[in-house]
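Order as written gives the chain letters A, B, C, D and E; numbering starts at 1 within each chain.
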Amino acid sequence: MNRSLLLKLLSAAIVFGAWEIAGRVPVSYAFPTFLDSMTALFAMSIDGTLLRAYGETLRPLVAGIAISALLGIVIGLWIGLSEFCDWLFSPIFIVMQAAPLAALIPLLVMAYGIGLTSKVFVVCIMAMPVIVLNTASAVRNTPSSLKEMGRSFLGSDFDIVTRIILPSASPIIFSGLRLGISAGFIGAILAELKITPTGVGDIITYSRSIADYPSMYAAIFSIILLAVLFLNLLERLEGQLFAGNNRGYVSD
Amino acid sequence: SAETIRIALAETPSDELAAFFVALDRAKANGLNYEWTAFSDEELAIQAVLSGQMDIGFGTPYAAMQRSKAPVRIIFQLSKLKFFPVTTKKYEKLEDLDGQPILLHSRGGGTDSIANVIEDKVGITFGQRSYVPGSANRVVALVSGQADATIIDLSNKNKLMRQQGDAFNVLPMFDVEASDEALFANLDWIRANEDDVQILVDALLSTWRDMNRDPTIIGRETDPDGPIGQLPAEILGGLDDFYIEAVKGGLYSPDGGGRVAARADMEWYSEAGQLDGDPESLNIEDFWYLAPLDQAGR
Amino acid sequence: MTLLGFRLPGFSSLILWALLWELVGRLDLTFFVPPLSEVVVTLVQILPTPAFLSALGETAQAFLLGVLAAVLAGVPLGILMGRNRLLDELLLPWVNIFLSAPLTALVPVLMVLFGFGMLSIVITTTLFAIWIIILNARAGVLQINRSLVEMAKSFGASPFDAFFKIYFWAALPEILGGVRIGIIRAVKGVIIGQLLISVVGFGALFELYSTNFLMAHFWAVLIVLFALAFAISELLAHLERRVAYYAARR
Amino acid sequence: MQETTVAMSRTESARRDADPSGPQGAAVDNAVSVRCVSKTFGSVEALKNLSLDFPRGELTSLLGPSGCGKTTLLKIIAGLLEPSSGRVEVGGEAVTGPGPDRAFVFQDFALLPWASVLRNVAFGLELRGMAKSEREAIAEKHICEVGLAGFEHSYPHQLSGGMRQRVGLARALAVDADVLLMDEPFSAVDEQTRRKFQEDLLDLVRNERKTFIFVTHSIEEAVYVSDQIAILLPRPSRVSEIIRPSGFRDKGADNLRRDPEYLDIVDSIWASLRSYVE
Amino acid sequence: MQETTVAMSRTESARRDADPSGPQGAAVDNAVSVRCVSKTFGSVEALKNLSLDFPRGELTSLLGPSGCGKTTLLKIIAGLLEPSSGRVEVGGEAVTGPGPDRAFVFQDFALLPWASVLRNVAFGLELRGMAKSEREAIAEKHICEVGLAGFEHSYPHQLSGGMRQRVGLARALAVDADVLLMDEPFSAVDEQTRRKFQEDLLDLVRNERKTFIFVTHSIEEAVYVSDQIAILLPRPSRVSEIIRPSGFRDKGADNLRRDPEYLDIVDSIWASLRSYVE
């Protein structure tokens, strides 16, 4: 077993151990132990509750993230390349980035109802600004010597965008995507807590209302786990597409 | 009594809470120290009282009382479950809603229990239940055509029917005496703070009685520097209308609920599926602490 | 952006959007977009009310405390993680998890652990801001030019000197970038906290106005919030630009 | 023409400079000619009225103090920068932008950090739409030539400075352009490697009649490899002198060091560069 | 001792290498001595059993192909790297870390990008806790000496490569250490400036008896400035030869280019370096 995996396991053991102990003390009667929560998680996965819930939760989430990623990168590219677009649109996204979505949700419900649309919308509002702004700034900061090189070797504008600007911007774009996706998860959960309780958000609120705290924590745990898996997948993808340039640790 | 009692509201101060704050002011005049925190929903208020972070909470914690066996008792009924099934012109009576989707407040909440009881009493089954917290939001959903049937509170029903009465029906429904909002606290805490509780319940009862005689006293007695007085003029302007209609609709019991309400609650919440067991066998003393109310009524 | 030879300031396009807003409002398309002028009038009216001022105070206090905690804890932690491999390997997975975790889902846990008051709201705010600050500080340290570290060592720098004279400055552009993003996230955090935990401050105003359909009031508070977030973020962006001259050349 | 003596070439230089069409006039086939080019960056005047011809199949070096505008001139010829005034012709046609007849070796290498050495070297061909297998075969060949065989799948950050520079060189050679614009192409390689590259360059001039425009800081190198050396004045840059060293290549680099004629010319360039600096 | 002939010095070199204590034995006052030092980076063996003495008040050059381990050796002497085995003594004491007796000039300058030239030059003194006014006065002096007067308040990014290198140089000189470790200190400056610096260095050797350890790629430079030249083999690096050129300094750089003795020694170093590469 390699060192990094070992350390990951070790740190997981420390954190979960602390959780278990805190649950046994107990810190609060509403704070279940790690093992209780895992048991509840297991039970919910077995009886299909969790599967059905994720069927609900993932729809707006995946749709919203897909829309935000595609549209966000395109708009970001556009903003990064055109001064006019930058002037016109980037203030909007900067403002949007600061939007306290939780407060806006009632408005969205009025505008788009309680269905999928407004949940997708919530995910998009959360996820899109950071994707757009990161993409734009990365595109703007493409080293000019690389662009010149592309031109001197006769790259068309399209070539230069796809083969030089995008790959060169990719680390920042991906970090934008990462932040965007995590914000999208926040949006999806927020939508389920504040718009209509469906999916995982419903498990959380309902378990809480019937004081079934292990189930509530299991649901929270599962959504965090899912978000982390999702992001690892993204990282894998980034590694595949563009071999990274990891510079290692200063102490080495 | 020097200690400050902590009150957990289940919503932000708004017109519906004006009467409660008037009562608090009266209690304060009699020497009660209090502070309040607003939570976004009833569950949080209940949770806060259960874990001792708050002393008195807002809500109807029957499920929690029975499930967690926590010694939580209701001391005063603030309002009754006066909710109304409102639909588009598609439906004329409750039977028409068989198999139809309906919009409710939250899973396990008051409107959910109304829906359960309707199903029982009328012998229908609703279709898909969707949840949108807030009567006002459900009105918007109804008006914008995103739903055909919902259950909303008295004031929103009146507002809607005034503005767009020709487009919607209020379906005739049986009367409900059960509580929508009640004040509750931990029994141990109540016993330790009998005096404070008494002051509070006295003030509440006197306010509720006065209000039932003259609803406009709420508007008049509201402290302009208090949380209600600071509300936007748009809301304050509607205060009198709100209470006149509410009193007419029987929202507030002039005697603070008491045994009648407790009985009704037990029947209702058993029927709604929130309480287990035969309502007859349930013991009022397990859910209500009636002494302060009895004392106040005397 | 230059127009007819004039250099338009960066955010002048907001004027255009404001006009569009006014237009949409005047067309009366939907009731929840009142004309901007009406919102501004409302804003002027509610600004001096004690209800608004106390909400502003409450929100600002929670926000500032949360951000302060995030910066004070996040920056040193990030720098240490960038320097120390063991610490990094132990903590990085968690930082990544919390960065990407839907923190909203954690709010109920916070309430259990830290109660329902100010503390939970401050912690929510901190949790929204801190992870990106840590990650950015760490990234800044990781890409530091090794020669600078060796140079300082060769001139006999103490660890303390190295930390404050080399690592901090070398990572400063990233740190500022992280703090800026963190602060923007913190605005969301504080509002989420004020809506999901106890309904106080701006959260209470939003709740009140939206349930009563006071759209002009609602937008007015929103504008104040935008303006605050915007001002802080621009201030940091300005600082970032001041160190940008060396950001690309470390 | 290549055999004119040093002495002759130097007097000639002054004349050529004064009248760009010069005594050799139309007889010379110029691959590139720069006519009265000026370039200002904001308030900085980098080039001023610079005229210079680059005969086909010859290697021209540009010598001049740092910051005098050598890179700027190269970029204007490459079509990457627009001159503020004046014109540039390549193969008789006015330059309006980059073209397949010119390849550039960048002072800062300009490698794609995310691409392997192989892809970097093949990148010029990739942009020209050549099929993958074909362009990689060509790239492989040039990677071997610059001594990087075995590093095809390394990434730029895994290479030393000198190796990176060689990747940039191989990329420019791979597109097989007629005119090679090289901006200090050997600055990061060590002396032995530099010597080898000089020989390779001279082979290309001799056998394939490629035209090189070459920026260097080393007077010795310029004298050894060039058919023509243009000495640039500090900003705003004009050509101060054109020197045509002759026959040094054939003497071999090792013997050169003691060649008095060579030493004379190095000394004189040294003296004239020094005079501008002071 | 400085006056031994070239021929002598070269035969001597082989002997010294075989027996580090050498014929001059204890008589020589060594500022730095490196004993059987090896260094491996993971699987890369950079130095192997390298022994070398650096006499006090002399300038020793290290010559060797790129990547042979010159920087590594310098960093070990500076105490920045730990040798895998062997020991290093400075002024008779074993090196355990950086010390005030040594100053380093970094190959990549290592300037603080956020600090002005003045602060950069004074940084070594700042870390030693000297008061601000005092250290800035000293820094001013050294800034003038490297020809950067007027740029005190510029930032590194506003300087050309050569100017930056001079800042690094001034910083090392400012701390007034006995031993100066210079890693290709003149690689980025243009030839005229380089010439001036060589003279300055020689002055410091002559007047202040500072000990210099000097890495360069230029054989000519090494022969001109050094008391002793160590030629390193490619990885894993050992000393292959020690050459003690003599008296060239006094002849003056301009005359040197045609000096046959000088040319002989350059040729022979060139030949031996070449032989290792092939």
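By definition in this document, contacts are C-beta pairs under 8 Å (C-beta built on N, C-alpha and C of every residue); 3 or more make two chains touch, one makes a residue touch a chain.
Keep in mind it's a predicted model, so treat the numbers as computed, not measured.
Path length between chain A and chain D in the touching-chain graph (shortest route): 1.
Between A-C and A-B, more C-beta contact pairs are found at A-C. The geometric centre of chain B is 87 Å away from that of chain D, both derived from CA atoms. Rounded to whole angstrom units, the spacing between the C-alpha centres of chain B and chain C is 38.
Rounded to whole angstrom, the centroid-to-centroid distance between chain C and chain E, based on C-alpha atoms, equals 50 Å. Chain C and chain D, compared by their mean Cα positions, are separated by 51 Å.
Across the assembly, chain E contributes no residue in contact with two or more other chains. Shared interface positions of chain B, i.e. residues touching 2 or more other chains, are given as 47, 51, 134, 137, 140.
Listed for chain C are residues 112, 195-196, 207, 211, each touching two or more other chains.
Contact between chains, per the stated criterion, is found for A-B, A-C, A-D, B-C, C-E, D-E. By the touch criterion given at the top, residues 3-4, 7-8, 10-12, 15, 27-28, 30-31, 83-84, 86-89, 91-92, 94-95, 97-104, 106-107, 110-111, 130, 141, 178-179, 181-182, 185-186, 188-190, 193-194, 200, 204, 208, 216-217, 219-220, 223-224, 227-228, 230-231, 247-252 of chain A touch chain C in their complex.
Those residues of chain D whose C-beta lies close enough to touch chain E in the complex are 65-67, 160, 162, 189-193, 217-219, 254, 257-258, 260, 263, 266-267, 270, 273-274, 277. For chain E in complex with chain C, the residues that touch the partner chain are 75, 78-80, 97-100, 102-104, 106-110, 112-114, 123-124, 126-128, 155-157, 175. Looking at the complex, you find that chain C touches chain E at residues 145, 147-148, 150-157, 161, 165-166, 169-170, 172, 243, 245-246, 249-250. Those residues of chain A whose C-beta lies close enough to touch chain B in the complex are 28-30, 106, 109-110, 113-115, 194-197, 202, 205-206, 208-211.
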